[in-house]
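Following this message is one structure expressed as structure tokens.
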Amino acid sequence: MINKKCPSAAEAVADVPDGAVVMVGGFGASGSPIELIHALIDQGAKDLTLINNNTGNGEVGLAALIANGQVSKMICSFPRSSQSKVFPALYRAGKIELELVPQGTLAERIRAAGAGIPAFYTPTTVGTVLAEGKETREFDGRTYVMEPWLKADFALIKCEVADPLGNLTFNKTARNFSPIMCMAATTTVVQTRKLVAAGDIDPEHVVTPGIFVNRIVDVPSPVHEDTLIAAGRSYP
Amino acid sequence: MSAGWTREEMAARAAQDIPDGSYVNLGIGIPELITQFVPEGREFIYHTENGLLGMGPPPADDERDLDLMNAGKKYVTALPGAAYFHHADSFSMIRGGHIDVCVLGTMQVAANGDIANWSTGAPDAIPAVGGAMDLVQGVKRIFVVTQHTTKTGDPKLVDKCSYPLTGPGVVSRIFTNLAVVDVTPDGFQVVELAPGVTFEEVEQATGAPILPRTE
Amino acid sequence: MINKKCPSAAEAVADVPDGAVVMVGGFGASGSPIELIHALIDQGAKDLTLINNNTGNGEVGLAALIANGQVSKMICSFPRSSQSKVFPALYRAGKIELELVPQGTLAERIRAAGAGIPAFYTPTTVGTVLAEGKETREFDGRTYVMEPWLKADFALIKCEVADPLGNLTFNKTARNFSPIMCMAATTTVVQTRKLVAAGDIDPEHVVTPGIFVNRIVDVPSPVHEDTLIAAGRSYP
Amino acid sequence: MSAGWTREEMAARAAQDIPDGSYVNLGIGIPELITQFVPEGREFIYHTENGLLGMGPPPADDERDLDLMNAGKKYVTALPGAAYFHHADSFSMIRGGHIDVCVLGTMQVAANGDIANWSTGAPDAIPAVGGAMDLVQGVKRIFVVTQHTTKTGDPKLVDKCSYPLTGPGVVSRIFTNLAVVDVTPDGFQVVELAPGVTFEEVEQATGAPILPRTE
């Protein structure tokens, strides 16, 4: 039987090379694959381009990966929040590059990569500074901007339930970018709260079909970014 | 100026102009108060960008689900009949014109409907746009709820936005502490004055020509 | 409480005007909303542009609508099958127009309409006669064709379970084009085998969120095209 | 010619070249037989365009589910670990390069990998393309399983397709009743001969130059 289970988070991210483009699921704290991110901190890959809606909070997870000097470029829609301190400091110091992408365009570019669509047109950013230098075009009398797909070498994803074939379900709004990131990465690594047998997920309820998943790590009691921050934790 | 509407009254007034059964996306700040002032006999369905339709009120502190938040990263609940979906589907709802009303706060709004609410353009600011540019281009009607002037008394309703735009010509109606103002082909026009507020007071607090209410 | 229930199929399709663009869910017989299609036959709207993967079978459902002279143009990927006789005869007689669209491009154009994307690029049809006259463009050294969105005035859809808010689930491969058609039509009319209360569908299992649905017709015992054809039935 | 492979043997031979764990889409006809000849110790996961991954064998007649068919509109089953999805997601799998192998029948295949399997181009034919053009452009490896010649003895492996193309330069390997043939930068090349078939017989039945197997 096909079994995509990987013994540990460390093994699952062992081959992320320096310079890799890495998508990380989650919207703020919700859906952030903390254990996989921390494994990537331990692994030490450098010069990464990171794709996430935000830039992490506190000194754990995404923020810790950035603080550890492993990220040279961030692609996101909202790089600051009340609890994000790491990215702003590095950005102001000129030590990290930022590609700011509106949230819907970010999602659609990721989905396009997974769907084999190299570019599409969107009304978002028309008439703003974020459209500067971009190709525009009229359809039915309205102006649109052309946007390219956004691919990744790896995606690090947190899910709720997985089976050995890689079928996934998510928990509430922790779903967010994760299903489309699974589609857009060459290698998709998923940490799951619950690993069940093939057939235990109703085929009608599968959110991410296994074809988009390469490796599954069993993390039955994942830590939550909000909880770590409230406890004043940092990593490593 | 003691006359005019409170934050709650502004939200309540905006809620009056949202039709029954509307799919509504609310920005952070005063717009969030709208959920408390839904007119009797109407029902709105709330969408939040991070993948929830049918968003309910905040939970009690001991009933928080860490995986159930809104786009402002606040804990929320899901009402009966809610649905979860991923980000590409969520922004299909926005960009595809399926959301009826979006109510936003703003830094500036111009007489031609331009809105600037994402960046001051200051060179040392960390730019952050989130879903604002998608919302203003995709949602059928864009309402703005805002104080009529800044804390330092500068007009927020202006002839031309000095801050970088979120989107051009997208706002249809503005609810301030002083008045309800429409964006018309002829520029700003008062639709309704807050109690105790005169048209002259509104005119003076507005950074662009503004027309009085049509009789 | 919001309730999108409509008393009958007849009322649900009463305002389909002559000349309307109508999407019809289903792939072959599976997922075809027979009761809604037959209501549209009774209603009599003419000069319709129909969008479906196929052109119907036998003398019921989609084929009957075409046979009834209500359709002036068909947009589909596969207009013939072993049991389709109506369309081929009219097409050869020059009485119906055909826009042939590859299946994946058809799906993506429909999804694009629902997602507010006026056009996108796809590798499908490059180097074939179906790309003739279409704009092409290179991305990363590969050639792609530009394709526009495909919108409809109405969508006629069959689902398995619906609630009064319009949240839907489907049955197995009867899902096919239906969820994306719900997104792409101005007015989406759904016939459901089971109508349940709001909250009875787990929010994690909703396939089509209610925002994409306008009218729901309760059809607890829908007929199936295959069964009708096996019984030699025709409509009206 | 009595020598060579049967339909079943052609399918079995093609199955040998599909790696364990592959996601596979099978065309109508001989390719469908592949499911019966999966090599010992391997597992393939079958995708069908109309929204099913994990497709299983046909059901018994009395266990048919009218809502569970494949893209050829035949009744099928779903194996444990299957998933249903809508058409846009299904073709994202295809066009996005997630399917490993697609095995198709064909009318013609050319020495440069061009394939023509959707239309004879006859003026009175009803054109019907289905998902063929998406598959040949999107799937990582395109295999063709076909009789080497038509019923009237015309070659199906040709120098240039005379029928309208499904896609240009997409086929990598061809399994016929006579041989396994690769599409190489130098044109057709025999990889393996069917039992009792000589290279000269293959050469004669092929409508384009063909290279013998490299020793």
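To keep things simple, chains are lettered A, B, C and D as they appear, and every chain counts its residues starting from 1.
One rule holds for everything that comes next: a contact is a pair of C-beta atoms (placed from the backbone, for glycine too) under 8 Å apart; a residue touches a chain by one contact, two chains touch by 3 or more.
As the structure is a prediction and not an experimental result, all values here were calculated from the model.
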Task = Based on which chains touch which, give the shortest step count from subunit B to subunit C.
result = 1
Key: Centroid spacing, where centroids are CA-atom means, of subunit A and subunit B in whole angstrom   = 29
Ask   = Just curious, how far off is subunit C from subunit A if you go by their C-alpha centres, in Å?
value = 34
Request  = Measure off the straight-line distance from the CA centroid of subunit B to the CA centroid of subunit D, and report it in whole Å.
outcome  = 55
Ask   = Which residues belonging to subunit A are in contact with no fewer than two other chains?
value = 108, 111, 115-117, 122-123, 170-172, 203-204, 207
Note = Residue numbers in subunit B touching two or more further chains are 52, 78, 84-85, 88, 91, 94-95, 138
Touching pairs among all chains present in the structure = A-B, A-C, A-D, B-C, C-D
Note = Counting only contacts in the complex, subunit C reaches subunit D at residues 27-31, 53, 77-81, 87-88, 91-92, 98, 100, 102-108, 110-111, 122-130, 170-180, 207, 224, 226-227
Inquiry  = Under the definition above, what is the set of subunit D residues touching subunit C in their complex?
reply    = 48-52, 65-71, 73, 78, 84-88, 90-91, 94-95, 124, 126-134, 137-138, 164-169
Message = Looking at the complex, which residues from subunit B come into contact with subunit C?
response = 21, 23, 43, 45, 47, 52-54, 78-85, 88-89, 91-99, 138
Complex interface listing, subunit C residues touching subunit B = 1-2, 111, 113-117, 163-165, 167, 183, 197-199, 201, 203-204, 206, 209-212
Remark   = Contacts from subunit C onto subunit A in the complex sit at residues 108, 112, 115-123, 137, 139-140, 142, 144, 148, 169-170, 172, 203-205, 207
